[in-house]
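In order of appearance the chains are A, B, C and D, and numbering begins at 1 in each one.
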């Protein structure tokens, strides 16, 4: 069964959020950034399995993710598969966008 | 199956808490505020499906919520349906009431 | 089915922790304090259904709890029943014991 | 059934993280430290049942854990067995390594 890993992003602010997602792995350098844009006053659900630029997110391997945004957002990260239901509490970091 | 999304509000203080709930969506402006009042030294469970003023909470769509209170409260947010059990950790914000 | 609500207390410090648990309800004043003592460098699991002094914890009703300790402790609160698995993130408060 | 307790460690920094895990019990002194090293920019999943130095982690008993690292890391702790799915939110502490 495929894992359904999702990040729920909430941009409660009045400015667009430019978000970068990095996926950390056990045996190689992190992949990314995967970039998404969340409009002001909107929520967006990102399925990791749908991310494919710059490369598909590796499957069937342990990973962790770091999510950066140029404006403050709230992130809820959920993994769902047949064996477990778990929540990741990701720290969200705001940094100056390039 | 209907999702049973609940916010458990705890007002451990000695003053009534006037609470506003905003529901953020993916494709339109947030709806709300839904207003509830939690008496001092009480807990209250709010089912999102029961909220209907100013309008029913949209169903079968991704959303996120922001909960504001004029006095500090503790919020636990739980979504429960047949596919998943997940916890949302909502930031609770105290602000001056109008 | 009976709910199995548990608070896992961790006292990683070198002093005994005197802990007070208050249970907040929807329609009456909070009950408690239920008092437990966690020895230094020990963990303790408290089942709410086992608490009976000053009175049994009300069953089949919504409630929330506040846990106070005279030294810093870590609290994990878990509710388990046939319908749901959820985690409560309780704020732990250190205050001067009476 | 055996519990599958896992700590997911994320070292998003550029320095190796030397991590010490202490397991706290109800009736005896904590055991440990179990030591693992997380390379820079890597994630690592630690299964408690695999830890055996300085001694196997006690089974079939309540415990809690404290995880220390000499550089900041992110920890997600998951317990999984047939009866429950629960998340522990562990405080992660950075301290000067010996």
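Methods note: contacts are C-beta pairs under 8 Å (C-beta built on N, C-alpha and C of every residue); 3 or more make two chains touch, one makes a residue touch a chain.
Since this is a predicted model, take the numbers as computed values, not measurements.
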item: Type of subunit C:subunit D copy interface by residue overlap (half), same or different; value: different
item: Magnitude of the superposing rotation for subunit A and subunit D (Cα, nearest 5°); value: 90
item: Computed distance of Cα centres, subunit C from subunit B, in Å; value: 24
item: Centre-to-centre distance between subunit D and subunit B (centres being mean Cα positions), rounded to whole Å; value: 34
item: Residue list for subunit D, restricted to those that touch at least two other chains; value: 85, 87, 89
item: Chain-level touch network, classified as line, ring, star, complete or other; value: ring
item: Subunit C partner contacts - residues on subunit D that touch it in the complex; value: 22, 24-27, 29-30, 62-64, 66, 83-91
item: Contacting residues of subunit D [partner subunit A, same complex]; value: 8, 10, 12, 41-45, 74, 76, 78, 80, 85, 87, 89
